[in-house]
Amino acid sequence: MISFESDYIAGAHPKVLQRLLETNMEPLSGYGNDIYCASAQKKIRAACACPTAEVYFLAGGTQTNAVVISSMLQSYEGAIAAKTGHVSTHEAGAIEHTGHKVLALAQKDGKIVPAVLRQYLKTFYADENRDHMVFPGMVYISHPTEYGTLYSKNELTEISQICAEYEIPLFLDGARLGYGLMSRQTDVTLADIAALCDVFYIGGTKVGALCGEAVVFTKNNTPKHFMTTIKQNGALLAKGRVLGIQFDALFTDNLYFKISQHAVEMAEKLKSIFKEKGYHFYLESPTNQQFIILENREMEYLKTQVAFSFWEKLDDMHTVVRFATSWSTTEEDLEHLKEILSLC
Amino acid sequence: MISFESDYIAGAHPKVLQRLLETNMEPLSGYGNDIYCASAQKKIRAACACPTAEVYFLAGGTQTNAVVISSMLQSYEGAIAAKTGHVSTHEAGAIEHTGHKVLALAQKDGKIVPAVLRQYLKTFYADENRDHMVFPGMVYISHPTEYGTLYSKNELTEISQICAEYEIPLFLDGARLGYGLMSRQTDVTLADIAALCDVFYIGGTKVGALCGEAVVFTKNNTPKHFMTTIKQNGALLAKGRVLGIQFDALFTDNLYFKISQHAVEMAEKLKSIFKEKGYHFYLESPTNQQFIILENREMEYLKTQVAFSFWEKLDDMHTVVRFATSWSTTEEDLEHLKEILSLC
Amino acid sequence: MISFESDYIAGAHPKVLQRLLETNMEPLSGYGNDIYCASAQKKIRAACACPTAEVYFLAGGTQTNAVVISSMLQSYEGAIAAKTGHVSTHEAGAIEHTGHKVLALAQKDGKIVPAVLRQYLKTFYADENRDHMVFPGMVYISHPTEYGTLYSKNELTEISQICAEYEIPLFLDGARLGYGLMSRQTDVTLADIAALCDVFYIGGTKVGALCGEAVVFTKNNTPKHFMTTIKQNGALLAKGRVLGIQFDALFTDNLYFKISQHAVEMAEKLKSIFKEKGYHFYLESPTNQQFIILENREMEYLKTQVAFSFWEKLDDMHTVVRFATSWSTTEEDLEHLKEILSLC
Amino acid sequence: MISFESDYIAGAHPKVLQRLLETNMEPLSGYGNDIYCASAQKKIRAACACPTAEVYFLAGGTQTNAVVISSMLQSYEGAIAAKTGHVSTHEAGAIEHTGHKVLALAQKDGKIVPAVLRQYLKTFYADENRDHMVFPGMVYISHPTEYGTLYSKNELTEISQICAEYEIPLFLDGARLGYGLMSRQTDVTLADIAALCDVFYIGGTKVGALCGEAVVFTKNNTPKHFMTTIKQNGALLAKGRVLGIQFDALFTDNLYFKISQHAVEMAEKLKSIFKEKGYHFYLESPTNQQFIILENREMEYLKTQVAFSFWEKLDDMHTVVRFATSWSTTEEDLEHLKEILSLC
């Protein structure tokens, strides 16, 4: 059965796997102290146009969010996030598990609205009882968001400025960053992100790697003894090479961007297929995740023909489902989908 | 330069990597809900002769220790471990980071002595102030230990009985389990471990996988909602297949045991090479890690010829170093080592 | 200056202090193992009409909330609370500090609406991704709420039934319980609370004690080794007598209820004074806390004449402030307030 | 029955209670923002000869240790303490509960030996694997120790210098500080402690207060937003006055020192009584706690005549027990004890 269930349904992009094969028998030191990690770090610094960036590799997204957030917050601080942010809802309380509250803001299309953020901070600092409250210690945004949407450069700049004003770091969760950067509708570059965020990560798991996320600290602001913190959180792979080699491959010959572009193109085609058939979208997503509203009976039938994922109930009759493309999506998959839909 | 630095200097065993390649393009559901995870679980249950065992895959050792220990302890409990146990010393306080004390016991050759354990528990329960102390909630042992040593079946049985008597689980850290099971000097089988322990893990990272540890609950005692706990700890890989496929390969045609046996044979040869040259060992290890005492100046020279790892200072003149073999160690490596030593 | 700043502006009710004096020189064992703690526990069991209730004394409200909630939740669970609940907003993230998310529900007049609670739980268990979310492990309500409002017996019964249905405990924060029980507008008794809640606490700090809250487990459901948990949380007073003696005094000759009634009567008079003067209330509170809307300039003037507390900004021109009465409020205080207002 | 069970068997010193009575009806703001807290802080600064000291009041010792230690450590750090230190053994794992390891050092008479401390730190920083270990982030000492012993000024100075050299704070747990300062055998003053420690606390609970410990930061080094941290740990009393008034009384007319001196004198007499009777002491304590070795049968008899506390088993025939004096111990108590012993 063809699958649009997620952007992690396949293994690694063949070129990534190929590099793992080629380097497999080389003896290397553990814990990220190897030439491939060093090479990948260098390439990422270049791609970010941030020569002083400090780059660390972790295995997965929730892990990265928890390690970065908890290591950058003081104990009395929490992380501001959109109510729909991954850290707010779908990480099983991983942030709270580290002792920090997620300060959930109202959102629009999955995004934090700069004016709402500013108001929140203003109200907090105007509250005479704020010593009895959780201090806002960071702003967390995801880009693309959990709904596939993107911040404009203006929005990102405004959020960055608010953070600077309140002296709190801006952290961008880029689990699907490639798909955002290669969207036809974005004006945000990787260099912009490096310039506007204090820390962000470049997602590998969902963009062609077996696993792995590259955390980038952009302002010489890596928390002290960060490697020990990674270890303490159970997030330090003995074979750090596994992550370094993969990111080295992803950042060779623009692979990361090429495969992201492919996924976005596939998503645009998928969008057209659904639109032509008269389907409605839950919102307009310019990236690889598309949220479609299905009548429940139709959804049940479609499930038997193609894999996709449940997102949320819209009403008693309708459900929002997600179709995701990735580097592994093919034209054949889309042809097949078209046929299936034509039989609905 | 040849390397005996650790048992994780190479990538994955070629057969493991081969399976990742073969299955790479298959679309699979995430988070471990795939046929390869299921197949690996089935094979592990069979290898353990424990048809009801519940098997989970995590990425690394420290992570596994932290997740298993914290999910099995009550908040007022700690884990008893040898003072030299990995959780006591070399995991950056990962257990305490979850809120639990490691109750460190005096050790012998890296092992908990059953009589010492019994005395500890007896003293604890005789103490009128025990309500003000950390309750012993679990016994943690590593097998092989951090010094490459092994528990005998008698020792393991006795520890298991003490645990049963005090109604606390026995958890065996098998980060290097294969090397223990295939030692010439062991009378302990995988089935014994499954029978005597409440939970243990079969190390993949150090025995042929890119990463991955297989946790085995043997008494229908998986903590409730364990998958959510794994997620909450940032330990749930989106591409769970990466772990499942590797373990499926390791438990096909006894690969896990064969490569462990190879490493042990290489270690025996390495041992002979050092012994013939008159070197002294810090202790007698029957597994793949060998601890050799070097005069400091000699160590400095050797470092330039072959990679090994610092273990601890013995005195002002001598240092204990570790030479580790693995599935990737070759006869040529040993020949080379022999030559190097003959020039010392 | 007269003060309606809070219900903890004075020391202890004179009869409570008197008992501390009378018993001061008696040598007693520490940590709550004394005759006064035992006597207070007995009296509280009787007052609750719950002969098997298990009663513990802690020093303060936030502490009690954190210890009770964290000891009753599994690590993968959070506590459902109204968005305005004390644990949600004004405890500096004490619950998250223990590793648990507060699952904030929309509220009405500071209360959880049974239908909203039911919907939340239904939606949670219908979500196919719930394994990636925080499990609802408890319902937390405050009674009176932070807005002085009260649950009716019907509401409390419905919430209790929903909890039973989902097999999660109902925890009632009774920091100001006395003022709720003695409200003219309540149909809820202490026995009702003991019958409908799994655990609750009877606030002392805000109802006549120097400090102290009495936690009551009503269903033989005290978490195992709870005393050790209290100690581990730094919440075990060496001189446990301090709490026991005070609660013994409060539950002698209905003192707790009498002083609560006095405070409620004072609040009713205070309400009349403001109403007569044409002030508007933020909401209708039947207990000792009254929330009044002041024009900002008027607020600034009033501040110079009488102590009260800032609650929240209503709009650019108006502020919500709180006037609280307690056992220590006198008729003279009210007369004085009336004069002040007549000069406004 | 007379009692030497602990130094917290009575309520508060009458002068302390008297002040609570006198101030009881004054309306004061909560959370420590009152004139009595301010006055006590001022007096403590003077007593410490440290005009810039920052003083905070908490309710109990374990709470104070947990709040101070966790707020001063980074997440990757632990606190060095003697193996017999209160935080190591008798606080139910309260420090680990905050996520930090207690790094237990071998001790002598309950004290950290400066040379052992220096060696520990030297070894740690020489270890090539230290990134995988818990960083020593603070030194915790108790004075008097859990065995009633005292550091000399030389020892304290040396430990302070080692801490300065390694740039980690020195924290002194003064739960029984008064008894140490008034010992006949000490050369350490309160001013010395303020000069040599980065933070310490002056115990109230065990030296005449109902409850309360005064934390003193001596180097303008109070952790940022410390009040919020106190709140977050459930350690902020609404009626902060309760602690402020008591410490204000204790530091008026040298009451704290006078009652400590009385207790020490009583302890010296108690010591003589036991010595005259030929009893052996477990060690020589110059403060209010005396550790006596009793033959088990004798202990059982004595228990029926006088209250004391079990300390630890010495061997199968003997037990170490503790007799403690305090401000409430009287000459009559000692006479009575003498009679009891004469009948043994």
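Here the chain labels run A, B, C and D in written order, and each chain numbers its own residues starting at 1.
The rule is simple: contacts are C-beta pairs under 8 Å (C-beta built on N, C-alpha and C of every residue); 3 or more make two chains touch, one makes a residue touch a chain.
As the structure is a prediction and not an experimental result, all values here were calculated from the model.
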{"item": "Number of hops, subunit B to subunit C, where each hop joins two touching chains", "value": "1"}
{"item": "Chain whose average C-alpha position is farthest from subunit D's own", "value": "A"}
{"item": "Selected interface, B-D versus C-D, where C-beta contact pairs are more numerous", "value": "C-D"}
{"item": "Between subunit B and subunit D, centroid-to-centroid distance (C-alpha), Å", "value": "42"}
{"item": "Chain centre separation in whole Å, for subunit D relative to subunit A (CA means)", "value": "50"}
{"item": "For subunit C paired with subunit D, centre-to-centre distance based on mean C-alpha positions, whole Å", "value": "33"}
{"item": "Of all residues in subunit A, the ones touching two or more other chains", "value": "75-76, 91-93, 97, 99, 131-133, 228-229, 231-232"}
{"item": "Subunit A to subunit D touching residues, read off their complex", "value": "70-71, 74-76, 99, 131-133, 135, 224-225, 227-229, 231-232"}
{"item": "Parts of subunit D lying in touch with subunit C, wherever the complex brings them together", "value": "1-3, 5-6, 8-12, 14, 17, 20-21, 23-30, 59-67, 91-94, 97, 205-206, 210-211, 228-229, 231-239, 241-242, 307, 328"}
{"item": "Touching residues on subunit B, where the partner in the complex is subunit D", "value": "75-76, 78, 89-93, 96-102, 104, 123, 126-129, 131-134, 310, 312-313"}
